[in-house]
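Take a look at these structures.
One chain, chain A, appears in both complexes that follow, with chain B as partner in the first and chain C in the second.
Entry: the complex of A and B
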């Protein structure tokens, strides 16, 4: 798709060029050029990082999604066992191959045991600022909110040490408003995916990741133009089944795999790809103590996820609700190889979906894949079983 | 193509099987009756082949409009105008169960792939296996053999029936099998005997595939282009030790099965939209 005259300085003129950027953001992200203007570049390991804080500290936050198909594992195998997920190895490999040379820091968090250890291994192997965000482990106790607020304050100070800029409350609130705007526009764009399919999940995922490879100010401008161009498109009219994809956590499937799934006759009305980039389901409050508002939002309006410790929500019930909301015909579980949180969740989801009579299929993938014939055959059979039997 | 249109017009459903060797197209009414069909050689541009075959099939049916297009075969994803695509295994099973009710096993020998399929009473696939090694187990191997033996493709089936001492072709690899054919020629073996040897070797491999899906010597349907060749039918009957049922127009079965699935799907869409 040609996207001309949108944001000439930062927007490439084809989807393929955007794919090149989003699959190698550590080298090709437009926001890397902000380094020359004095901004510090902070890489963020999935799933969730409070990007608002980094922005307010005059940093440029660049979400990372592992090395994908773009890096050959040559060194990381000697630091991690063979049964460790691909994204952890490829992220470490990127660091060991000096691919993070444009970065001033990297943020990791305790989303799982492997990610927790990855932070320590990266610290031992680099002079890069590796910051570790301790996300709350229990949201069911009173101290959870004060704890997370103090952790975000600590995180802010650490980021400010890297960037050399300690933000005021006003600048924090402005950053919150900017990211609210960005997430709101992304949700508007997603409406074209889920409502009438004029935009496919594959293309949406590319735009989503591309937006976060830019500075948020540029991304807002880009999305405004993109949304305007949606009226030129026609709604999906090819026969299909509506499906929801669940479970893609931090390790992303190869982007072409999403296209292959759509080709089989799946209309992906909602998905779990790059979940952290659509983390807050509603806007973060812009009035009041900005750090407290961010902390509250984490507990009150964040996406349910295996990697967010949440004892109040039954995610399997939410999944069924989502199926009903979109009138979906089934659910595809995308489970990264060796991902324990995904596998633990799958058992709960599977039991619930079967009790509700909702069709589902489990697919195992790795970020480093080039051929999708096996998966495509499985999904095609699933589509046929829903359409014809 | 808009699905909306289908609600208002009379229903003409098209099934296209874009195979590696040939593209087959069938036009059906929504009661399953076949109105027209076409078979053409597949062009490297699958979409072009499909559109061309569809144009001829529509001409033969005497109609100009379609309401639902369903594709199958190796080039099924390349047809831009399609409403949906299905795998050739599913489509073949559906076509066979419609035309030969009660059949449990199907052998489909196509240009590049040979498939053994086990189906249930409703035409659903219970199991299937495809040839794994190489083209020596498929129709294109016959085309190669014909080239070396310098006979016309349309004559080979009948010629093979005159064989008195079929010459075995034991290689799994098509290249090595071709060498064996050349050896037989240089040893002065007759074309008829070599051809029947080729057919018997194909039947042998097909039998192995059928056994892998549980073939027990009961009736078996034989479809695909090779099911038109008398020599191949005889070789299968001999190797399988059972009845080999061949439907009318065995080359079109997969496209027809796809069209039947299109009918089913269109009815469902119209019911939901009504």
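Entry: the complex of A and C
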């Protein structure tokens, strides 16, 4: 089906069909059809993967977000203990249930100790190529840049071994340009979320994930039409509180839960859902050595993140800045159960927000949740407390 | 168990804590650093007193003082699901307990454990002190690339520069070489001692008693005192081997233990194994700082490069879970173990995430009798003695039964 047709049919009426795709991308992602045409499919575990490299190697990169509430955990529970986050279990479960049968590889990185060991367990339990990236945690660019360039080059060689295509610099630059375009359009779309709320965070998140379930070329076309259709919408009614969501950068909450939060009267002006898909702030340089440009942008223009350590900038200060920028009424810490990077950061955020008198609420979720009543009522109480503060 | 080695170790660690006191009263420069694959030799080359927050945290657990500290940290917003080592350490600062000096700076040797980074961010922030990052590329291929090694060396050089600025002392590479010579002696001793555990009976328990060697090898490595400790300990262990003496009156089972011990209940946990005559002939936890038993030594001829290689390759924490399987496999085979015991701790996902798969591998692929039990290394709330006892008893009963029936058949 042509993308324009998809747009006509699914925006906004068929959002449900997009939700179906983004919650079961391993089976329903449009880019999987490229497999039949000989493209290799590489799954990317959160948070961040340099997708440009996979694209330049003629591969199709599919960001993964675990099994959500779409997979019954039957085998993975015995591999990972009860105090380990859900996404690691559901990802392994998908693999054990052979749901990655059309994949040729999966990439993970050093976001946390769980993801690191998951890479090993996945390797032992399948014939898939499992690649592990060590993203630099030293923010001294002079020291870390040569290392990271070599790591990206190593990654490129690994991907090229899988796809059988070693890219030229020109094709790498073209892939960078394409992803720049995609990210730019998504940024424009996000403007409608934060500026006047004509688009909700729930809907935006669906589009965001939907775009990455397609090949980037198709996503760019899709977004062009979607952005055009935004002028038909009316800005949001202001009878609500503005909040920022923090902590949901890796394991994703059930998509319906985001809708439920919006329904309680929260205008989510900014969030970190699927943060890796919006990793770069601004375009990656398209001129010059493409690997170096990608590496540079990791240090110079990546989002602050609980899994990318930048000691020059305190993340809690940035969060406060963000609250001020959007004139937000509060912060909702939305943290996957047992997620150490998010939980550790919460301790610092909390202290800072309290000292600044910014309202906040911490909620823990699991991807396999079905009912949201408890969370909904907690958020409702929070909204009321902010409104009558 | 050799009480002689234990006494020597105790004395060394007491002296170390005294040095911390002296540093505090004398205003000497100090630096926080982590255990795993550390580069303590560089600090030593500048006479900077190292502080090991992990060791401080475990000391509070052994003394049964960790819970109030953990709770103090939780009150500040730390989660019950965060590593309790961090909470006990931060709790000490929040409650102003302990008598440790403040660090002059913080060296984050990010060697495998992601929690280290968070922990030291928080420590540096709390003390308003600089944080020097040593980002160690995870060992994601069989060997590290030259770029990986260069990256670490460059970071070590930047640490050296920082130490020079802090102390006003010029870096003396010959002093570092001398220190590394002592490191080598300790590593040789460690390795010989571990090797002696191949004997039956093993002269010491390579899990519960190995703690006596872990302080000297990880905290005091590079000192003359640690080197002497290892030389003497090996003599003691050799003598025990000659006399066919082990830590228990009779060594009935030889086990390999994977995972950290429950420090708040160290003794009673140990007794659960001792009563069955079970002795650990090897353990993975003892290698968090470094794996010396397979031959690696620091090299005074290549000081920075060998430090870098040790940080990247030669410690358990920076290796993949699958290479841990290989390490255990070698322990089971070469140290002639009867079984594997996996102690899964809630705090430490570096150790515990995926241990169910490890059990599956050892039981189904290698046919090694394997027991998996759960508690925590620092938080006493996760230790259930009765539950552990039931599981451990049932396991050894079945091992004993198997042995009896096998004997009858032969």
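Convention: the second predicted complex is superposed on the first by the 372 of 389 C-alpha atoms of A that agree within 3 Å, B and C clash if a C-alpha of one lies under 4 Å from a C-alpha of the other, contacts with A are read in each partner's own complex, and residues count from 1 in each chain.
Simple rule for what comes next: contacts are C-beta pairs under 8 Å (C-beta built on N, C-alpha and C of every residue); 3 or more make two chains touch, one makes a residue touch a chain.
Here the structure is a predicted model, which is why all the values come from computation and not from measurement.
Trainee: Should the pairing of chain B and chain C on chain A count as a clash or a fit in the superposition?
Mentor: Here the two partners, once superposed via chain A, fit next to each other without clashing.
Trainee: I'd like to know which partner A:387 touches here: chain B for first, chain C for second, both or neither.
Mentor: Touch status of A:387: first partner only.
Trainee: After the superposition, just quote the angle formed at chain A by chain B and chain C, using C-alpha centres and rounding to the nearest 10°.
Mentor: Taking chain A as the apex, chain B and chain C sit 100 degrees apart.
Trainee: Touch test for A:263: chain B only (first), chain C only (second), both, or neither?
Mentor: first
Trainee: Looking only at contacts as defined up top, I'd like to know whether chain B or chain C touches more of chain A.
Mentor: Partner with more touched residues of chain A: C.
Trainee: Please work out whether A:125 is in contact with chain B alone, chain C alone, both, or neither, and reply first, second, both or neither.
Mentor: A:125 contacts chain C only, not chain B.
Trainee: On the A-aligned overlay, A:276 touches which partner chain: chain B = first, chain C = second, or both, or neither?
Mentor: Touch status of A:276: no partner.
Trainee: Per the contact definition in the header, classify A:377: touching chain B only (first), chain C only (second), both, or neither.
Mentor: After superposition on chain A, A:377 lies in contact with chain B alone.
Trainee: Tell me the contact category for A:67 with respect to chain B and chain C: first, second, both or neither.
Mentor: neither
Trainee: Between chain B and chain C, report the minimum C-alpha distance in the superposition, expressed in whole angstrom.
Mentor: Distance of closest C-alpha approach: 22 Å.
Trainee: Which residues of chain A touch chain B in the complex?
Mentor: 237-240, 263-265, 377, 380-381, 384, 387-389
Trainee: Inside the complex, what are the residues of chain C that reach chain A?
Mentor: The contact residues of chain C facing chain A are 73, 76-79, 81-83, 86, 110, 112-115, 117-119, 121-122, 124-125, 131, 133-135, 137-138, 140, 145, 147-148, 150-151, 154-155, 158, 320-322, 325, 344, 346, 348-350, 352-357, 360-361, 374.
Trainee: Can you list the residues on chain B that touch chain A in the complex?
Mentor: That would be residues 1-4, 68, 77, 82-87, 90, 124, 261, 264-265, 269 of chain B.
Trainee: Under the definition above, what is the set of chain A residues touching chain C in their complex?
Mentor: Residue positions touching the partner: 77-81, 83-84, 88, 110-114, 116-121, 123-125, 132-134, 136-140, 143-144, 146-147, 150-151, 154, 307, 309, 311, 314, 337-338, 340-341, 343-348, 350-351.
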